[in-house]
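In the part that follows, the structures are each spelled out as structure tokens.
Here come two complexes built around chain A, the first alongside chain B, the second alongside chain C.
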Partner chain A sequence: MAVHETIPGVTRPFPLAWNLEHKGVVFGAAILIALCLAGAVLVPGFLSGSNIRSILLLAAFLGLAAMGQTFVALLGGLDLSIPFVIGSANIGLAALLGAGVPALPAIVLIVLVGAGVGLLNALLSFSLQNQALIVSLGVGFTLVGLSQVLTSIGNAYGGNVMGAVPALLAHISAANGTTFGLPVPPVVLIWVCATIAVSFLMRRSRIGRGFYAVGGNRIAAARLSISAFRYWIYAYCLSGALAATTGILLLGFSGGGFVGVGDSYLFTTIAAVVLGGTSLLGGAGGSTQTVIGVLVLQVLTSLLVGLGFSFAAQQVVFGLMIVPMVAIYARSPEIRLQI
Partner chain B sequence: MTGILVQGVSKSFGETRALTDASLAADMGEVHAIVGENGSGKSTLAKIISGVLAPDGGTVDVLGETPGNPCHARRLGVAPIFQEMMLAEQLSIAENVFAGSDGLLCRTLSAKARNAEAKALLERLSGQAVDPTARVSDLPLHLKQWVVLARAICIQPRVLILDESSAALDLAGTERLHAEIRRLRDGGACILIVTHRIAELVRIADKATVLRDGRTVGTLSKFEITEQNLLKLMSAEKPPAKVQLDPSKTARSSSALVLRCEALQLARETTPFGFELREGEIVGVAGLDGAGHAEFIRTVAGIDLPSSGSVTIFGSHGQSIEIRSIEEAGAAGLSYVSGDRKKEGIFPALSTFENFAMAPYGCHRDRTGLIDAGSLRGSFAREVARLGIKVGPPNDRITSLSGGNQQKVLIARAFAAQPKVIVLNDPARGVDIGTKQELYRQLVAFSQTGGAVIYLSSEIEEFFDFADRVDVFVQTTLHRSLPSRDLSEEALLYAMFGRLADAVSPITVEEMA
Partner chain C sequence: MMTDILKRLPAGTSLAMPLGLVALLLLLSAVFSPQLFTIDGIAGAILVSAPLIVAAMAITPIAMAGRGGVDLSIGPLIGFINVTIVAWLQPHGFGTPVMVFAYAMLAACAWYALLATVITIVRVSPIIVMLAGYMVLAGLDLVILPRPSGSAPEWLGDWGFGTEIFSPVLAILLISGFAWGLLRSTALFDNIELLGADERTAYTAGLATDRVRLAAYVVGGLLAAMAAICQTAVIGSGDPTQGNRITLQAITALVLGGTALSGGRGSATGSALGAIAMFLISNLLSSFNFGAMSGFITQAVYGLVLVLTLLATLIRFRSKPVKGASDGRS
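What follows is the complex of A and B.
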């Protein structure tokens, strides 16, 4: 990528998009390494194969959902419907399978419904003067209620749907799963490939670059014929579809549908985006950086669990961690001068 | 008595060195101008004096103290007005004027008193009736500028810093601003002006400090301040020669039509008019504030829809495309450059290179349809060299460049999309004379290859020796079209004030003020 070229006064090569985020990536990677070292010293068996595998497995679920959140955050929006889409997709698929729908059409349908929810988010939040926060929360609430009502018809257990999960789906999300003989669950590979493809396209395609234009300065983008409305739809549809995919994969992991399976993703998807260095004001960051945020969160979780922290205590640590991270990014001189 | 004493100050942003060795000494009761080309460090120096930026080295002394932050400077009596208009758009005029004058919990003035005071102050400044409770976001640009000025003036500043503050004002407004500056100076205040309008500072400045590449290269006293002396100091070489007109420019009527407006009405109940633009033509657009020339430019570019009538672009094979949106205009080969860089130009979070690349992505694609980064970088290098843009490392944020160089990047971006028509909306706002001359040269070169240019400017001097004709707007319609041979400052002013050149009583600048 980095072609060397001499311009008067410029001797450095300049790749297309990576450069500015450089510092954030290096910083995030340093934290990640520090956490791994701390884990290795403090928790016996932290760097064992099975622990690393379980970290990566959970990171893959979060990573796919956070990738969707990244698209939306790049435009300066937030998708708060993600946890509800995950939960609804989770019980929705279980209910469809229980009703005898074949696996492949059921999965495709759920992903399309997820994208449809994203479309609704986009249309509503854009036409209501970008009240993305409350609109996506409202849509999510409606959806999760609706899916519980629908799946509880004919049984007494709204919110929990039991049933047989297809073997392939269970294999993809299994903690001890293997891919082509490698000791890595297939879902991790799916996450890695999706991230590589998205990062590449964000850098090298016109549509990818458009996300940065719209997020950075919507009026300037409009002057270059880049329509904010179209990108709003792209971002929310991708976010909805990815959240639905996460819900589907989580069904393979747990074996039974549970509507609350996505609850923790409300905070963690946003935290991963912020920790990675994608600005919630839009226009800077990307899915590669979010990967680092995801890994930091999962390694930290694993470390805290290993140290015997309760779930409540973990929440305290996560909450406290976000503030200094935001402070560090907001205090970087470029952003400070801008604000 | 010395008001401001700056010695040997330096300041860098990343790898861009804004100031290397700047010095300045201004007395109280003096109008002191800071002059220099784009990127020479004027705005940075103004920000250091007002405590917004801390210098890397050197000493700053304002009224006997070193301002550590903007609040400290304010307590000393320093009122800065920067290039970017910083207003609380959702608040009223009066609330904006008195912003920051209250204590934490108590108001020092009743709402009624501040409305009355804001009204009196703004009417004196703007010369028109003002409703102090009106929301700032609804105001035209020049009134916003007056609100910013009123906010600074109402605290009775001992040091007033004006960074390109007359850019949004018309001639009469500039005159009123000068009267206000003189009044403050006679009251013993020190006024620091940063401006590119040389004609303006020749009239008003008592002293001038000239910067070049972040270094103070000279100080001129009242009688030494002439256009020639300033230009000589500002540019290392001789003052740039005026743009030479192509002699073949006279006969244009034969070349092909590229853009036509028919029965265009910019607002309801205004007179409809027609407009034609031919290949190789450079058309200037002028008018007083609110005369409709800005609306015309936006309509031609497809940003606003006309009240009635049509804008049509003719393709290379004679097909006609009606423009109803900026997407259609862009697809038909029209590029738009705005002088309001911050609002509708730059992407502040992205690098210089990415800012440039955002428009020409469509022209640089490889066989798979992906962006061809190599060819794009080549185009960037060519345009940077051609326009003489002072870029730091292309990966640094565009905000690390000076305002003028940011504007050059935006103009390079417009050229790189290979347009047939370039529409420029006051692109030279706050840009120095060297850059302007360079821009004119580029536009003339563009027109010689068959391109057509529509150029709006709020400074009428810009049109001379460069535009084929100037279309003057009055009362939201096209009033007169002046061909280049009839172009003079006088003729333009007459037209802008809605008079014909042979009208009975000639008006003068004094009369307008």
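What follows is the complex of A and C.
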């Protein structure tokens, strides 16, 4: 069968890979447009500048965290430590700044610690195949417990850390911030640039393609001398560093350290990844797809808030969306076809 | 033929690790927290740890049924039954024991039957279905009861005083354990193990895989109903905010007990021991005076124990050539 398809010069108009990879994107984009239209009709001021800006701002935070989750999901893993890294980075940075450490070294240190936590996740979950979920959860528990213990020594308010946030950091994440005169908060631009760069690298670079090779078929990747172990480390370190970055940026947004700031990211990063079309089994999807998942989640949130839905009711709607969305592109074949 | 296949499965879950952990913690408790071993201490311990013990047992058959089925929805489901008993059943005079038990079992079994059916028909991976289920139920809990309030039926609230060792809550624990023991001797149990270990082999061996998965989930549902009733007895009111905590702790207890998240082998006894270990950890830590920090330290210790237990399984199974091999879901 394969012989017929590899005749040089003969390409099929729509190769199977195109279908699989883009069905989710096309569908996600369609939903996104439909949501925007529904918002414009149903909610006054939905397409106003300030509303779009706030959607993009919240999408940027979720987007950066979900980008890390995407790397991990591409290999067939999961990172449940993300919310705990976000919370720990948030209070950790506030505590460092409060202790008089200059902003730049403090931020670099926090991002490095985030990557270090990712490294630990990678080492443990690679040794314990198929247990990535619980390993990263355990690492997350440990981290958030320790970071709260450390920051609350000599401090009566465990979990909350007050302190002056540098003006630049506050500006980057401010809802009314501007970038080079554009009325967009800088964090949105950071997210957009990071996504474009990552998408390009994932498509064109050797390392980027390696993610798909390892996620698609680890044995085949090993035959090509692509080390699954190394990619496992790349993915989790990136995820940890991105989660720490999100925690830092959220400190700029809120102005005070709070360990619970990451809690809502526990399942929403996974939701954004699967809504976009990255299979949790690995090998298909990517950060471009995740952007669509993030935007669908945030635009829908804004629409539901505009319609007067409570946070709880929004969650119900998200939950109801996930299975049908995933069913479009990630159904496994019937068991009798797998034999 | 079936027995041949079963012989080639990984050996049954060893209880050595969770038993050792519990023994060590009991020893430490005897030194640092002797009040645990009084009548009141034991009665309180049974009461407080019961919901988590039964919840961890409930997700065991589901994890055993394979495809990476980690039930994230257990916490919000327990929350759902809890808030509906308080907000719907109780005010309308349906708070009698028979009604409450019937309702809880019906609701939990219906939920797991729904999950199993979606997993079977839509054919997306269980973790996604359970993630969706988590979000739907966690949201519904808060819609039904926006904040912790209300009161449990009087008879159920009385269970929550915890002044006697031989309480109805202990009876629920014992009945759940006994029912699990009965299940172990049935063909269904072997079939669930086979299904989780290798679904393709199970299918080619003529197993009705869909029906076995459904059965495993419904067994989990029956136990989840008991967990929800225990939880309602312990808190004596309705609380929609517990879902996240219960889910994370139940999964931790499951893994501490040695059940493989990849499916095929598992032990409800192990899960129960895992839950007991978690109770002992938090009890032990609360006997030290960490003040405002005790919650953080408990969380850190849960995480450390979890990671260390996983590493210990690594040493135990090191001879197995797993790395990179097919994991049964390809």
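List of remarks:
The working rule: the second predicted complex is superposed on the first by the 309 of 339 C-alpha atoms of A that agree within 3 Å, B and C clash if a C-alpha of one lies under 4 Å from a C-alpha of the other, contacts with A are read in each partner's own complex, and residues count from 1 in each chain.
Convention: a residue touches a chain if its C-beta (ideal position, glycine included) is under 8 Å from a C-beta of that chain, and two chains touch if they have at least 3 such contacts.
Every value quoted in this text rests on a predicted model; they were computed, and no experiment measured them.
In the superposed pair of complexes, A:R204 makes contact with chain B only, with no contact to chain C. Touched residues of chain A were counted for both chain B and chain C, and C has more of them.
Legend: residue contacts after superposition of the two complexes on their common chain; A:A222 is shown touching both chain B and chain C.
Touch criterion met: A:V323 reaches chain C, while chain B stays clear of it. By the touch criterion defined above, A:F311 lies against chain C but remains apart from chain B after alignment on the C-alpha atoms of chain A. In the superposed pair of complexes, A:T142 makes contact with chain C only, with no contact to chain B. Once the two complexes are overlaid on the shared chain, A:S152 sits against chain C while remaining clear of chain B.
In the superposition on chain A, contact of A:Q131 is made with chain C only, not with chain B.
In the superposition on chain A, A:V41 contacts neither chain B nor chain C. Contact with chain B, but none with chain C, is seen for A:Y212 once the two complexes are overlaid on the shared chain.
Overlap of the chain B and chain C contact sets on chain A: residues 219, 222, 333-335, 338. Remark: chain A residues 1, 3, 5, 7-10, 12, 14-17, 19-20, 203-206, 209, 212-213, 215-217, 219-227, 279, 282-284, 333-335, 337-338 touch chain B in the complex. Listing the residues of chain C that touch chain A in their complex gives 68, 70, 72, 118, 122-125, 127-129, 131-143, 146, 199-200, 203-204, 209, 244, 248, 251-252, 255, 260-262, 292-293, 295-304, 306-307, 310-311, 313-314, 322-325, 327, 329. Residues 78, 124, 127-131, 133-135, 137-146, 148-149, 152, 156, 158-159, 218-219, 222, 228, 263, 266-267, 270-271, 274, 280-281, 310-323, 326-327, 330-336, 338-339 of chain A are the ones that touch chain C when the two sit in their complex. Here chain B touches chain A in the complex through residues 13, 303, 326-327, 330-331, 336, 338, 343-351, 353-354, 357-359, 361-362, 365, 369-371, 373-374, 376-378, 380-381, 384-385, 390-391, 393-395, 397, 399-400, going by the rule given at the top.
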